[in-house]
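By letter and in written order, the chains are A, B, C, D, E, F, G, H, I and J; residue numbering begins at 1 in each of them.
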Amino acid sequence: MTSPDSPMQLGRPVPVPESPDVAGLDRVPNPHADTDYVARFTCPEFTSLCPVTGQPDFAHLVIDYVPDQWLVESKSLKLFLASFRNHAAFHEDCTVAIGRRLASRLQPRWLRIGGYWYPRGGIPIDVFWQTGMAPAGLWIPDQGVAPYRGRG
Amino acid sequence: MTSPDSPMQLGRPVPVPESPDVAGLDRVPNPHADTDYVARFTCPEFTSLCPVTGQPDFAHLVIDYVPDQWLVESKSLKLFLASFRNHAAFHEDCTVAIGRRLASRLQPRWLRIGGYWYPRGGIPIDVFWQTGMAPAGLWIPDQGVAPYRGRG
Amino acid sequence: MTSPDSPMQLGRPVPVPESPDVAGLDRVPNPHADTDYVARFTCPEFTSLCPVTGQPDFAHLVIDYVPDQWLVESKSLKLFLASFRNHAAFHEDCTVAIGRRLASRLQPRWLRIGGYWYPRGGIPIDVFWQTGMAPAGLWIPDQGVAPYRGRG
Amino acid sequence: MTSPDSPMQLGRPVPVPESPDVAGLDRVPNPHADTDYVARFTCPEFTSLCPVTGQPDFAHLVIDYVPDQWLVESKSLKLFLASFRNHAAFHEDCTVAIGRRLASRLQPRWLRIGGYWYPRGGIPIDVFWQTGMAPAGLWIPDQGVAPYRGRG
Amino acid sequence: MTSPDSPMQLGRPVPVPESPDVAGLDRVPNPHADTDYVARFTCPEFTSLCPVTGQPDFAHLVIDYVPDQWLVESKSLKLFLASFRNHAAFHEDCTVAIGRRLASRLQPRWLRIGGYWYPRGGIPIDVFWQTGMAPAGLWIPDQGVAPYRGRG
Amino acid sequence: MTSPDSPMQLGRPVPVPESPDVAGLDRVPNPHADTDYVARFTCPEFTSLCPVTGQPDFAHLVIDYVPDQWLVESKSLKLFLASFRNHAAFHEDCTVAIGRRLASRLQPRWLRIGGYWYPRGGIPIDVFWQTGMAPAGLWIPDQGVAPYRGRG
Amino acid sequence: MTSPDSPMQLGRPVPVPESPDVAGLDRVPNPHADTDYVARFTCPEFTSLCPVTGQPDFAHLVIDYVPDQWLVESKSLKLFLASFRNHAAFHEDCTVAIGRRLASRLQPRWLRIGGYWYPRGGIPIDVFWQTGMAPAGLWIPDQGVAPYRGRG
Amino acid sequence: MTSPDSPMQLGRPVPVPESPDVAGLDRVPNPHADTDYVARFTCPEFTSLCPVTGQPDFAHLVIDYVPDQWLVESKSLKLFLASFRNHAAFHEDCTVAIGRRLASRLQPRWLRIGGYWYPRGGIPIDVFWQTGMAPAGLWIPDQGVAPYRGRG
Amino acid sequence: MTSPDSPMQLGRPVPVPESPDVAGLDRVPNPHADTDYVARFTCPEFTSLCPVTGQPDFAHLVIDYVPDQWLVESKSLKLFLASFRNHAAFHEDCTVAIGRRLASRLQPRWLRIGGYWYPRGGIPIDVFWQTGMAPAGLWIPDQGVAPYRGRG
Amino acid sequence: MTSPDSPMQLGRPVPVPESPDVAGLDRVPNPHADTDYVARFTCPEFTSLCPVTGQPDFAHLVIDYVPDQWLVESKSLKLFLASFRNHAAFHEDCTVAIGRRLASRLQPRWLRIGGYWYPRGGIPIDVFWQTGMAPAGLWIPDQGVAPYRGRG
């Protein structure tokens, strides 16, 4: 993993990291640290591997957070998420682990992640995690992802 | 299978037939046989079994036809479709076979069936069959079933 | 039925007719009889009775026509449709009969009716009838009624 | 009505005309008169009066045309449509008359108008008129206006 | 029913159990038991039998829970739900019983189930049950299943 | 009205009652009376008469309740609602009266009714009534009926 | 303005009032004054004039209220809203003024109005006003009007 | 920046300001300052520049506020937003800065802004800021902007 | 690539092939080869690599074909598509190549593929290829994939 | 304008061109020139200036073409479209001119462009142009852009 002192990945060519462990999450100072606001990232392009079969899994991820001193640098976020391409983990574990890694690196006032996984065996799983109760006086729209409907 | 001379299933209690082979399809005279029109049945409650694994499969079926001398009696249609509950067949085969059985029994001027199957392995299959070119001067709206979209 | 010479129902109080047979369909001259155009009526408030059980049936009806010398007067159309409230007929018969009655009274260049019936036994029926091929050079958008989807 | 020689209404203050008869429809040269294309105007703000009751009527109008030598100047189109605010006419008549007035003034290669009227008595009327068969090799998407659905 | 000590059903061929009573619900340790999160399963492929008529019933089910020490193993959940295929129960009873069986086996911090049943007699029933007030600081999006709308 | 001791209407032929006053509402014991849950009935097929004009009115009704000792028997609910077919009442009155009749008969822990009426004069009315604050720890999804949008 | 003692406008022909000032708002006794419920009126046919340019403005209005002793008579509400046709006012002012006029006349337990105005200069304005906190134990679905989306 | 004493931009031609710094935000007295209400502006036409690459960025903005003594004059709001056309700022910064500028100029009782940015690198960002907890007794519908869904 | 004589991949564990070149496409006899019908596969889980940057690309694919002697075996189709995970190709090339590979292996009467790619640089690309004019008398619903809309 | 011999803009930093006249459109060889297929670009981020007022205009553009020897290089397409940022042209002219410039540079077998402009004065304009009749045997889904609906 990139240490806090590694050079930023923005502004230079960086290949997709080989695993989440070696992927860095760069952070930049929050220009509005004196107020609370929510930043939402929508990542419809997530893929990882099934730890049992090795087959690819897919998910649509939505991340909301309230920055404190740091914003996540978005190129590094994209590369971090892409680094799961050859990583094997169950849906519940993978979603919560991404949320916790971000929370650990950014030390936000609050963070949540929704993982909306493509169906396997006809039954999709969604995972919803947050760091705890959101700060008072905050505005957090719901993520509004369409529920799975099968056919018809 | 009910022969053409069997008593109608309408108006008396009839259990779900044990298989499509023994299910009857009753027919009643078309009251407007001197003109062409389309009747559409939408059956979102279809289920059969996978011939390989024995696991249940599900589909949303839509049937359009132009009656000639006969209308299908709708209670018998419902029982016929329910009779696939313990029947094993592949998606392509099952859909086309239902269409052909109806065409054979009703001798319609035209008939089509759309089978919209629930996903297996992440990839759903749809099957579209018709008896041939529709008669000229006919109005046949498209079935408009929502395409499968996965998640997000 | 109101004869062609009956006074118009527009502009005076008229109760709902007791049956389609005694309901009049008033007509007024087409102010643009020198050109072809389509008029569409959408009737989401249709109800009749089941001829077998006597229970109420419901439908959403859409009627398209190309007037020749006559337009249907819309108050009389509303009363005519309301007159089916205590009338018993099968879905296919009822829909086509309404279309034919209108075609007979208005003598339009072309007419079609779509009947979208509420489900009975889980399987709704739609009925689509038209007088024949539409005149060339006409613009007729599809009726675009949402397909039945069950649940989910 | 503004004669062809009247000064353009664009670029100077113009009040809403008191009636369609006195409203001008300005036209400007078509910069691409050597090719066929469709221009579509969507007018969700149309209102006129009912000729029987004097109550206001409302419609959503969509106009498609293939210009020949002239484009309609859009400010004048807006004022022309607004001039129906105190004009009384039946839905069928009003829609077709607007189409014909535009066709007469612009002399387009082809023109159509769809009038989608708000319901009266529970049953809305739509009116679809065009000048005739569209020129070959033209691309005209359907207007795609959502059908009326009542409630639920 | 599989006892807690039965071998897992994952990773070996298992036929659909003949009834819910003999179906096992396997559980695996929660890898994030030190934090609260919601897992949602969407099951659009549920079918059981009507206890009065023996006819098939269909439902779209959505289950949300907050795991404590255990996650449900998803293959066993799928088989458990499929085991209702020949089970007869009323809609209210069936939905709540599934929720209670899961709650009993998983001992979650919180669980709810929504059962969205296909219409019978024109009137569908939905059933909403939960184990009680959700833990504070939890994020639980609504299930967002489209309401039944009949036709039109 | 059927007295509490009348035989159940389920399992025998029953015609549509002539008025709400003579319609019975059968009840059956709640199999899960030791827990709170919501049952929702969606009735898109409601019709009554306007007390001023005698013309038919239509509504889409949604009823949510938390049963205590009794569940409503659904065939009797369907017949009760159908009994309004020749009953005259204003929208506000009719909707609240249905809710109160159900609450009186079922003695539920909580009940609400939403009446979504088809437009008259261009302006539809919706009516929302409930017996009071819902019990704590209950999950009640919103009814999510699409708002009226006129045209366009 | 019609005084409280003026004869009702219902049941006799009444032209559209020339301005809101002279329009009466009739009221009738609330048949369920011993309980709280919400009545919602949806008015997609509102139009007024811009006080600066004199051009027509359009809005979609939704009004929710909890009646106390009085219900608004709906024909008079329709005429009152139609009386703004030649009235000039800014969007914010017009919306709040309608809400206040209704609140003053009906003395409801609570009332709110949402005004969803058509775009001018590409940026539409919505206005949301209510008389204050709604009474406890009330059920008030959100108005659910689709947000403006421009194109695409 | 226009000082509070500058002449209003309404009613005279004003070019798009060259930057937010020199753009004025005109304000007019609130005609209903004795009550709380929300005004919402929807701005689907926002564009600025990326501070790193100089490439154009696009956003859909929605602003809600509760006026105190002042309303924003909408022509000046439009010009202010258009003044970002050649301004370079990150998404989080730009959105919050617009909200703060408006809050500073209008001194509203409450204000929030939602910025829904078009995707870059496949992952769009949304930003949600408000001045703090909204006043009690206020009605603030959610903004309801459709979540980003990628494709399919 | 698996030769036509390789053993089927169905019914035995098969890892994701390392590239499309070594992936086999198994085929099974068409049980209804004496009639024309369409089979549609929807694959929302496609991913490949950008040949310029090495970054992952994503697409939603829909394949329609009319089988002649052969059906594609669906497990092998899934594995074939998954084999592009580490394959680099431009969008146009990749989509058409998949279509051609399927056409070559299955020798269908007709085949088409739609590739709906996730946006890069704000502008997504769709690719539509087919083997030629579809056989007469065939029913091929449009794929109905939602167009890309950016935000708002 | 970049001449055909200019170096490609791909793979090196290129600022947004100052006008369409100086923007280059790079082309690369079509890898499937021996077959017909459609490539679609969706550009929801288009902006130009109004030639009368100098105010910004916005559009959602969709371009379909059948390549012959050349594909458009997508980075250069993005820069070309961005070069209209300070260019002034009427909607009809601008849309058709973009289509013609692409057709001239790419010499495709067929090309069309749809321009969906944001409303001005309440009435949006759409423009649809194509080079002529599409080649036979081609599959061209409609662009399916949602029609403008105003509010409600």
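Basically, a residue touches a chain if its C-beta (ideal position, glycine included) is under 8 Å from a C-beta of that chain, and two chains touch if they have at least 3 such contacts.
Because the structure is a prediction, the values reported are computed rather than measured.
**Q** So which chains count as neighbours of both chain E and chain I?
**A** The common neighbours are A, B.
**Q** When the Cα trace of chain B is superposed on that of chain D, what is the rotation angle, expressed as a multiple of 5 degrees?
**A** It is a rotation of 145 degrees, to the nearest 5.
**Q** For A-B, find its twin among G-H, D-F or C-F: the pair where over half of the contact pairs carry the same residue numbers.
**A** Same contacts by residue number as A-B, out of G-H, D-F or C-F: D-F.
**Q** Averaging only over C-alpha atoms, locate the centres of chain G and chain I and give their separation in whole Å.
**A** The answer is 55 Å.
**Q** Could you work out how far the Cα centre of chain A sits from that of chain J, in whole Å?
**A** Comparing mean C-alpha positions, chain J is 34 Å from chain A.
**Q** Compute the distance, rounded to whole Å, between the mean C-alpha positions of chain D and chain I.
**A** 45
**Q** As a quick test, compute the distance in whole Å between the mean CA positions of chain F and chain I.
**A** Each chain reduced to its C-alpha mean, chain F and chain I end up 50 Å apart.
**Q** Name the residues of chain D that each touch 2 or more other chains.
**A** 44-45, 58, 60, 118-122, 124, 142-146, 148-152, in rising order.
**Q** Output every touching chain pair, sorted by label.
**A** Result for touching pairs of chains: A-B, A-C, A-E, A-H, A-I, B-C, B-E, B-H, B-I, C-D, C-E, C-F, D-E, D-F, D-G, D-J, E-F, F-G, F-J, G-H, G-I, G-J, H-I, H-J, I-J.
**Q** Enumerate the contact residues on chain C facing chain D in the complex.
**A** By the definition above, chain C touches chain D via 10-11, 30-32, 35-45, 60, 62, 67, 71, 74-75, 77-78, 81, 136-146.
**Q** Where on chain E is chain B touching in the complex?
**A** 15-16, 44-45, 47, 54-56, 58, 82, 85, 118
**Q** Applying the document's contact rule, which stretches of chain D touch chain F when the two form their complex?
**A** 44, 58-60, 116-122, 124, 145-146, 148-152
**Q** Within their complex, state which residues of chain B touch chain H.
**A** Result: residues 149-150, 152 of chain B touch chain H.
**Q** Which positions of chain E touch chain F when the two form their complex?
**A** Going by the criterion above, the answer is residues 52, 90, 92-93, 95-97, 100, 112, 114, 119-130, 132-133, 142-151.
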